[in-house]
Amino acid sequence: MNYFAAILRRDIKMDFRHGGQFLFLPAFFLLIVTLFPLGLGADPEPLRKTAPGLLMIAALLASLLPLEKLYADDLKDGTIDLLLLSPQPLSLYVAAKTLAHWMVAGLPLVIVVPALAAMLGLAIPPTHILAVFVPATILFVLVGQIAAALILNARRGSVLLALLAVPLYIPVLIFGSGALDLMQAGLPAKGPALFLWAGLAFALPVTPLVTAKLLRMQMD
Amino acid sequence: MHKYANPKKYKALSKYILTASLGLALALLGWGLYLALIASPPDYQQSETVRIMYIHVPAAWLSMFIYASMTVAAIVLTIWRHTLAGFYIRAAAPIGACFTAACLISGALWGQPTWGTWWVWDARLTSVLILFFLYLGAIALSNAYDNPDKGNQATAWLVIVGSVNLPIIKFSVDWWNTLHQPASLTSFSRMAAPGIHHDMLVPLLVMAGGFLCLYVVLVILRLDNEIAARKIHVLRLKAING
Amino acid sequence: MASLSGKNLSCLRGDRLIFQGLSFAVQQGQTLILTGANGSGKTSLLRLMAGLLDPFAGEIKRDGNILWLGQETPLKPQLTVLENLQFLSCAAGDGVDGKNRPVTELRFPRKRESLFSWALRSPLSRGRHKRDFCNKSDIRQALKKSGLGHIADYPASYLSMGQRRRAVLTLLHLVKRDIWLLDEPTNHLDRESCDRLIETIAAHTKQGGIAVIATHSPELWSASAVLDISSLTKDKREAA
């Protein structure tokens, strides 16, 4: 079996058997979105107006939640030791891990977003919503894993993780909700959406290398 | 340059820098405050409140300068592993956070009489606020490690990632501001630097110089603390492990 | 011709000098036992040998590829024993072709690599690799050999500490490597599995392999050499 595929399969399998993050995260996402009408009032007009921002913020929080344990177990039980001595580069492991994490923690959010958008009265075709949420959720994982690797040996990991990751998420939030805003207003939104894809094109090759370097640093 | 990365050689040098910059800081701040509070004219629109600028703008400049210097130190640490660079990041981050906070607070105090509100979500203020969070993250991360070296290395990486992200954040916030702000608010461009009058520019630059010297004094004092703390750490390790 | 040697090694972790001026040499067919008090640096030395840690000074020469089994047991509780081993034998690296045995010689302190050289290094430049060690029936066979055949399809969370250790030691049969670096391999093991492990290692060295074992009970092993680190570090301490 291929090295990349072995890691991908293992991680997805582990998540499915572990009670299924892939089911609970969309539920958490829905829960956060439910809080907004309860807090802001059920009047559909302000909800519809703020829906782009609400959806992005809820997706951001839901992506933050499962990050802490991303590398912690593999570091603690010595799996990374074995991987470091294998002939394959560690960044390949990071890339496989990232993809697996997005499939169980990012993709489920993307799938439920159109439904939540409808609940908030956001009138945008689902394909356009996906064009924003697919790069946004991948970017959340790619950038967030750097924070996850930074906190590996640190105390108070989870609070620290949020403090480190959220400022780095801000551009994704701005361009994501900005694009949805423009779409809702019927204005051309290609610009901000393309910024997201450009960010993805930049982060995709760079972040696994940085994270692999960080994991190596955490080892010795 | 590399010679002074050794804490001992650094110590010999830092004594002179400390005395010199302390004297310079006192002189510049004294002169600058005299110019800013007494000698410079009040603004014809904002009258006396414009004097807050002499604190606000140097603090803003320093908040950016300190993060940039931390980035340089972070790169030095990750490439050459100079311990002193790690100490510098630890020493500089809280000072940078304080200058950033000073910038935000003086901005709020200035905003109240000028625009009638403590806070506006304008692009510049928001960017500075995010910079403040980046500082907080660096401080929290550097203190969260039991092994100080590893903490410094992790913080160095965070600072590097942060500084790669900062221009993107700045760009996105500027774009956000044009998207969301009504036109009336964007006219708050704080101060058009080239348009500023000579009588105000001189005290501003003197104050900025004074702030910079003050920063050098503070960072050297904190660096000494870091070196001393590390010595204690080593002594403890020796006591336990022989 | 597998061999492993180190000259004048010093190990610095954080601010602590763990040992200095340590030299050793292991030839093919030899077993080296590392002993020493707690905190004397057995694991650090083993990690140096593996290349998981860079020495502060000194030089290490490795001729042959390495199988590393640390003190931890890298088994995931959600996966079955079989799946775990399938992953580990694949991750621990595909078997390396005997003809392309890597030779590494490192001197420390070494010139720092440029920031991106590690990124540019291609996996292909590290020798040609043959992969066939993730085969399920091979793994079942190996598990049977270590007495775990009946629980191959159980989730690893059901295993006791000793069984976990045995499951990980099964990798010794699955992955072909010249140099075995084992950190406290007998932890939690019962008498019978201990004997089996000793046999396995004897067979490995007989075929020209090398085994380095960090342990607190050196009397168990019939070693070619025993290196007691604590005596070494103590001398240095008194000298200093």
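Letters A, B and C mark the chains in the order given here, with residues in each chain numbered from 1 onward.
Here, a contact is a pair of C-beta atoms (placed from the backbone, for glycine too) under 8 Å apart; a residue touches a chain by one contact, two chains touch by 3 or more.
Only a predicted model underlies this, so the values are computations on that prediction, with no experimental measurement involved.
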On a CA-centroid basis, which chain has its centre farthest from subunit A's? C
Per the definition at the top, count C-beta pairs in contact and tell me whether A-B or B-C has more. A-B
Averaging only over C-alpha atoms, locate the centres of subunit A and subunit C and give their separation in whole Å. 36
Averaged over CA atoms, how far is the centre of subunit A from the centre of subunit B? Could you give it in whole Å? 31
Approximate Å spacing (C-alpha centroids) for the pair subunit B, subunit C: 48
Sequence positions of subunit B contacting 2 or more other chains: 147, 150
Residues of subunit A touching 2+ other chains? 213
Residue numbers in subunit C touching two or more further chains are none
What part of subunit C is in contact with subunit A in the complex they form? 13, 47, 50-54, 66-68, 70-76, 78-79, 83, 86-88, 90-94, 96, 118-119, 121, 123, 126-127, 129, 131, 134, 155
Can you check the complex and tell me which residues of subunit A touch subunit C? 1, 3, 6-7, 10, 13-14, 17-18, 73-74, 76-79, 81-89, 91-93, 209, 213, 219-220
Residue positions on subunit A within touch of subunit B in the complex are 146, 150-151, 153-156, 160, 163-164, 166-168, 170-171, 174-175, 178, 181-182, 192, 195, 199, 210, 213-214, 217-218
Given the complex, residues on subunit B that touch subunit C span 78-81, 147-150, 230, 233-234, 237, 241-242
What residues on subunit B touch subunit A, complex-wise? 130, 133-134, 136-137, 140-141, 144-147, 150-151, 153-154, 157-158, 161-162, 165, 168-169, 171-173, 175-176, 179
